[in-house]
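Each chain carries a letter (A, B, C and D) given by its place in the written order, and its residues are counted from 1.
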Amino acid sequence: SQALAFGLKDASLIKNQGFINGQWIDAKSGATISVNNPATNEEIGTVPEMGLEETKEAINAASVAFQTWGKTTAKYRHDLMMKLFHLLQEHHDDLARMITIENGKPLVEGKGEMTYSASFIEWFAEEAVRTYGEHLPCALPGVRNVVIKQPIGVVSILTPWNFPSAMITRKLGAALAAGCTAVIKPPPETPFSALALVELAKRAGIPDGVINVVTTQKNVIEVGKEMCENKLVRKVTFTGSTPVAKLLYGMAASTLKKVSLEAGGNAPFIVFDDANMDDAVEGAAICKFRGSGQTCVCANRIYVQASIYDEFAARLADKVAQFKVGNGLDSTTTHGPLIHSRAVEKVIRHVDDAVASGAQVLVGGKPIPDSSFYLPTLLSDVPTTALVNQEETFGPVAALIKFTTEDEVVKLANSVDVGLAGYFYSRDVGRVWRVAEKLEVGMVGCNTGLISQAIIPFGGVKESGLGREGGHGITEYMNDKLIVFGGLGA
Amino acid sequence: SQALAFGLKDASLIKNQGFINGQWIDAKSGATISVNNPATNEEIGTVPEMGLEETKEAINAASVAFQTWGKTTAKYRHDLMMKLFHLLQEHHDDLARMITIENGKPLVEGKGEMTYSASFIEWFAEEAVRTYGEHLPCALPGVRNVVIKQPIGVVSILTPWNFPSAMITRKLGAALAAGCTAVIKPPPETPFSALALVELAKRAGIPDGVINVVTTQKNVIEVGKEMCENKLVRKVTFTGSTPVAKLLYGMAASTLKKVSLEAGGNAPFIVFDDANMDDAVEGAAICKFRGSGQTCVCANRIYVQASIYDEFAARLADKVAQFKVGNGLDSTTTHGPLIHSRAVEKVIRHVDDAVASGAQVLVGGKPIPDSSFYLPTLLSDVPTTALVNQEETFGPVAALIKFTTEDEVVKLANSVDVGLAGYFYSRDVGRVWRVAEKLEVGMVGCNTGLISQAIIPFGGVKESGLGREGGHGITEYMNDKLIVFGGLGA
Amino acid sequence: SQALAFGLKDASLIKNQGFINGQWIDAKSGATISVNNPATNEEIGTVPEMGLEETKEAINAASVAFQTWGKTTAKYRHDLMMKLFHLLQEHHDDLARMITIENGKPLVEGKGEMTYSASFIEWFAEEAVRTYGEHLPCALPGVRNVVIKQPIGVVSILTPWNFPSAMITRKLGAALAAGCTAVIKPPPETPFSALALVELAKRAGIPDGVINVVTTQKNVIEVGKEMCENKLVRKVTFTGSTPVAKLLYGMAASTLKKVSLEAGGNAPFIVFDDANMDDAVEGAAICKFRGSGQTCVCANRIYVQASIYDEFAARLADKVAQFKVGNGLDSTTTHGPLIHSRAVEKVIRHVDDAVASGAQVLVGGKPIPDSSFYLPTLLSDVPTTALVNQEETFGPVAALIKFTTEDEVVKLANSVDVGLAGYFYSRDVGRVWRVAEKLEVGMVGCNTGLISQAIIPFGGVKESGLGREGGHGITEYMNDKLIVFGGLGA
Amino acid sequence: SQALAFGLKDASLIKNQGFINGQWIDAKSGATISVNNPATNEEIGTVPEMGLEETKEAINAASVAFQTWGKTTAKYRHDLMMKLFHLLQEHHDDLARMITIENGKPLVEGKGEMTYSASFIEWFAEEAVRTYGEHLPCALPGVRNVVIKQPIGVVSILTPWNFPSAMITRKLGAALAAGCTAVIKPPPETPFSALALVELAKRAGIPDGVINVVTTQKNVIEVGKEMCENKLVRKVTFTGSTPVAKLLYGMAASTLKKVSLEAGGNAPFIVFDDANMDDAVEGAAICKFRGSGQTCVCANRIYVQASIYDEFAARLADKVAQFKVGNGLDSTTTHGPLIHSRAVEKVIRHVDDAVASGAQVLVGGKPIPDSSFYLPTLLSDVPTTALVNQEETFGPVAALIKFTTEDEVVKLANSVDVGLAGYFYSRDVGRVWRVAEKLEVGMVGCNTGLISQAIIPFGGVKESGLGREGGHGITEYMNDKLIVFGGLGA
């Protein structure tokens, strides 16, 4: 992990082992996973290839730790989490750098992610002490109803590589605050951010067994199955693709576990003719190309009203043409690589399909050979039947589609099976409320391409997932328990 | 349906057809299901044996109706539901009588159920107009966050025979209030309560397609599968056994549907030595033998502290010996039959097993031959390994187990995979809070055997289910939608 | 009360006595107050001129009744209030007619008021059973915090003549639902609506002493003082003018009573140049002239942006010119009289002052001699220094002021000491949020002149009052009580 | 301020000036107030004797600062307050020491107060970002209701000497978090804690004008009047005696300001015969004698059930006899002086009156001459008519009264005009709920004498005050604003 260590102030944040019951450990088999920098395709380190046995140990450790952690006061957990929050701030630059090296995103985005990631630890620390229960008016004389909130138990956490740190804290923060213990399976592409986070949690004093990490790549099916089916686990939380979400959901059914799933997006981005053009162009550029298009809330289908279509296309083309692709550590880079060559292949497939269907390439339109880079691309006149309109591209390709009426575009926007985020630009207050209500998505950005904040209920409808993270999301890690007090006498 | 009609004031409440898109219809195949009175084993009528095709039609009708119903104001739905509530009150006696005839429970319990059933229509009507969203403080200047609640869509409702009316209204009330439309599959044992309810909803003016009913028995697998897998359905809600709950859950996974599951119980009932003995005996008698033990919150395992064990056993035996078994329409009857002979067989199996393991029969202990009746039974010194301690008996058998310490009994109580309700009697305020918090169940009765009210969050932990009904349960039929307003300017 | 009875279906709703401890009674002095129909100036009946002694008796009765009413279950109160709600619906036409006869407003507005009035009884009945307390996470091990809500005690209710029924139910509904008892002092101009309401409450079964009514005119000071200073009263709630609000507030201070005050308005109504003109003209006509301008949320100052000023003035003039003034019972009447000649005098003063300051009369501008009618009036080019811009006119006078910029008009709108409602018309979503946030008022109507609904938090800022009615307003009639449970042991 | 500085690590925390618009300033008159250490009666420093003019300047500064502070994001205020919280932790020992020196309480209590004081800054920082508004379901089609929370404006804060720091942060924390600005009038006895707090706020970066401090003693009437009547002030919050509360309330009425008043207590403390005796004796000792009885939630009347009266009296006497009175800086001191000789005089009056009425002195019963110390005192058989039972003693005198039945003691407990805190010891869960509900107080301790935590709703009923501090108390510094969005179109 020389490469990874490059430029870090505190190289001891780099961990190349799993973490079970407070101990850093190797795989029992001794096998390892090679982790590469997608900007250079160099190996930056290895982590253990763990399997079923380690997963069971991690779950057992979490289960034992739950017996005490789950009974601590919320204030105790709050204070420990605040310590972790301050450690995250202290090591902000190092953590951001690690994200850029293993994920490829520009350093400014790595820093943005770390601010976002840390915000969940702070937010949920503060939520812990606010897990109010209720006193319910009772229709029966002489009886009193109180509802308390209790932690649900051991939680399995499975996360993706596009936000290597923040997708963990959004789940782990809520779990810890609630009084749950956790087993985390980070993605094999970006494990180091996760391990550094856990190292800091250990330094903050989070007790042994409360957080456990199992790294795996080849054994992912058996590890995932155990995380979903083991009786000691009471909840599974996942961010990733819709097909995997369905798979895990089905596994969790066998023991009636609670699940939170944040699956795929395919977000519509609509520009009405009464939009502020500057804002809309700027918003589209950010919303589509952030993380090189590899976020689940990235715009995927850009609908532009006919009368302003040409101007919008021209102005967005100008903007995209100015992007500078490169290594995220280079301060002039605006857009980094995709995560690996398989990701590039999907983008190639989507662009080729669109072009074959009649779309025109206004900017970009091809990969950089022998790399994980694909040039930021703008396609015009993309038919609604094109693949890029059916599935998430998860890459730097903006597909423009022309529309005429509000009704038409709402129908188009809602024509897919998923519904995570949706965006539109319009100045008319009536249209803004109307369209916001009609879009079949969990989150709507009106005149903005950025919606993520710790306080919001993040999540989708239809096949984009179940449950909400952030905001009041701590309740998804707790059970309501009713206590009825009888026998009060006269 | 002569038998069923017996004594009704308004025989037009009896419907022997399914209900799709506002029309009463037969099965396409013409097949029917025979419904019996469990107290007499006489047929009281038939309903259609519907299948896949009718289920699809019902779902389509619900999906079309959702386009308008889902956009009505909450006040409009409130007012229609209040009309339905008043119709339920007006026809209270008839509806209670129908329950007793098809389910077997004593008329006083039938009336109790109808009061309870109607209470959910009223409660959720009132909740409809209180589906508050939120305005969230925003960390970004010039941006405003609003969260609104929207109905989730078409809901599949699958319910059991032990509360033929109330288990429907607890789900349907929430669904209607939220703006959802529904397809109901009532149990084949007790369909008439459900159909009468729907007839009254029609009279109240609930529009066509908003409520649909598919009756089925033999085709239950294909009907259930369609209700869980059809893409037009966005939520599945079920009350019944844990195995079926797991099955449906797995089916719902295929399209990432939201589920609410209220599954099996096996409730502990603990009597501490500082209990009020009168209250504890009375509570045990009610909590165990209500509905002849056929409710999911019935006491199933009765733990009594050693020093008061003998007295408690003797006094409960006295009480049980006074029960009068018979036809629920007979006003002297305190306890009715079980639902059918298969239910009796399970009880026989549990009692035989207990006796074989060393338990003593204090009262009852056998079925009434050639009937669906089993005598109210009290077993003493039941070993913790007996079947009756492992599974829900769902019958009129009270199994007494002796214990010594608080820690011991809490451990015993928590030793099963499920956790719906739990009860205990103790006067010490410290113990009351302590034990209430330690029991791994969703609902705790302290010094009371009755906990059900419309306002409470009804539901369990572990393998007893997911989600909460009643109380704030309307939110389980709604999606939170975030709307971020940007571009506010200076 | 022949005149009043004219056309009623149930003349027994007319009561000409006060109501104390469940009894209809005369003043001890035998004195009476003459009540007139403002449209005809004919006496329509009399009510007792009660004084200090009756007030004390009423408070004592309320205090005794509180001992039992305050301990009833919320469900019990809910059910009684629902009965009252249904009686209000049943007698809707009669009650509306009585409002028109004693207040003068057109019958369609009388009916509108009764719908609004009844809505508070229904709303708060439903709120009663939702007075949730809380369970608070505790930082101390072994301690549990529960917060319950309890009724505050006896409430004094003082109400105005402009909404003779609704202003009572908005307060009384909350009080009854909370478990409080009440002493009401209705206005001498419109006592019959109040007395009919109380008669129906009696018929609904509200127990004796829970509601009491003291009618007074000459003795208002001593009655009001007792209602604010008597130790048995725990809350004073008032709707009326700012000067009287201050007076009562000061009296309530002597015993640290809780107060809710809904005082004067002087609402700004702003039309921006990007408004929908049709909507803005329509909104201004309704918002300004409803109740002949005699509501506390009526527009009082109409600011119109320069570029559209002339068109707006012309179109509003057309609209106002079509109003038909007359007796509210006449179905062609659009606008009724003012409440009495003193009200006319204030309007004359405001118009004369405006004209003297340079304003032009576009429509109306004078009273109908020897009556309580003043012609609907539109003034143009009214200087900001005119009286009509400084105080509430409480009459049918629309004063138009020209403005240039958003900042300027916000400053003008906020330049008064009060802040109840404010309105503006604009289509731009950014401006809508911006101006809504900047207006120093409690309630903002954007592109609408009607804001009243039972669910909203009705009330103002600055010298327009304290507290909020409707919505969650039941909490203003309840105390939060913290219960800390210690000694839980291990 | 040599004496005050004694032992401080950072003497620059000692400020002897007022603080207006970010500047430390003297009184215009040059006059000063002498501040003494009550344990030694030595002067420990002086602060300015400010008056009307300085008060107006402070209010003006707060009003100007509100224009910007009130528009900052909640997150910005959160972060600044968190900085202040960390500074309070960093200077914890110094701040505790200052409290002991100016107030007299033992150092361990001074430290306890500082932990408590700082907890409000942290709590309300966290509350700031959780000032959720609402989206209200609307009965009118095409209209949307949103309720937002906005800061109320300039706040006047008047606080007592018994918690020189915590009583300020409980108010100031809420005010700052809400976006309000403040003018503080600390008590002349203990101004240095307040000034040190403000110095740290300045260091944390709270902008000029947001917090202002006016110190005064002789001019208190004119200063207080201005703080309550100045039109720029929108809220007055006060902790202190009931008579002063009434006075300020009356002043605030003149401009319809919102008030929060936390006034006098006179708490009952009841020991039932089923109490745990160890716990009850311990609880009484702490609850009565904390701060030498000078807290508003101190037990004032101790009712003991007849059958255990003698034992309780004997055991409490043993406990009290072991108290060690002295200078709070001495580590062996358990109880410090009273605040000044006037406080001692009131205690003497109460004890003399009780003895004259027949009470017996079991321990203590006299002052230490020429000092502000009064010996911890236990009185037995105190008649209910004694002064000590009618008024708060605010001193170290425990008055025991014998009672027989639950009903009797509840009546006695409720027989006073005030109702802040109440306590009782009993193990029976029925009695615990029953008595907790019946006591006419705002806060009840069951089996505990300590109830204060940042999360609880602190406040009383009857003449003990209005409003609640801590917990959700930030809402008392905010206005609900309704925004109705119309004109949404189809």
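Details
Throughout what follows, a residue touches a chain if its C-beta (ideal position, glycine included) is under 8 Å from a C-beta of that chain, and two chains touch if they have at least 3 such contacts.
As the structure is a computational prediction, the values presented were derived from the model and not from experiment.
Taking the CA centroid of chain A as reference, the farthest chain centroid is that of C.
Of the two chain pairs examined here, A-B and B-C, it is A-B that is joined by more C-beta pairs in contact.
Averaged Cα coordinates give chain B a centre that lies 50 Å from the centre of chain D. Mean C-alpha position of chain A lies 37 Å from that of chain B. Taking each chain's centre as the mean of its C-alpha atoms, chain B lies 45 Å from chain C.
Chain A has residues 129-130, 136-140, 147-148, 427, 429-430, 432, 446-447, 455, 485, 487 in contact with two or more other chains. The residues of chain B lying in touch with chain C in their complex are 126, 129-130, 144, 429-431, 433-434, 455, 485, 487-490. Interface residues of chain B facing chain D in the complex, by the touch rule stated above, are 73-75, 128-141, 146-149, 426-430, 432, 446-447. Across the complex, chain C is touched by residues 136-140, 143, 145, 147-148, 150, 152, 231, 234, 242, 245-246, 249-250, 252-256, 258, 261, 263, 276, 279, 283, 417, 425, 427, 432, 436-437, 441-448, 450-451, 453-459, 461-466, 468, 471, 479-487 of chain D.
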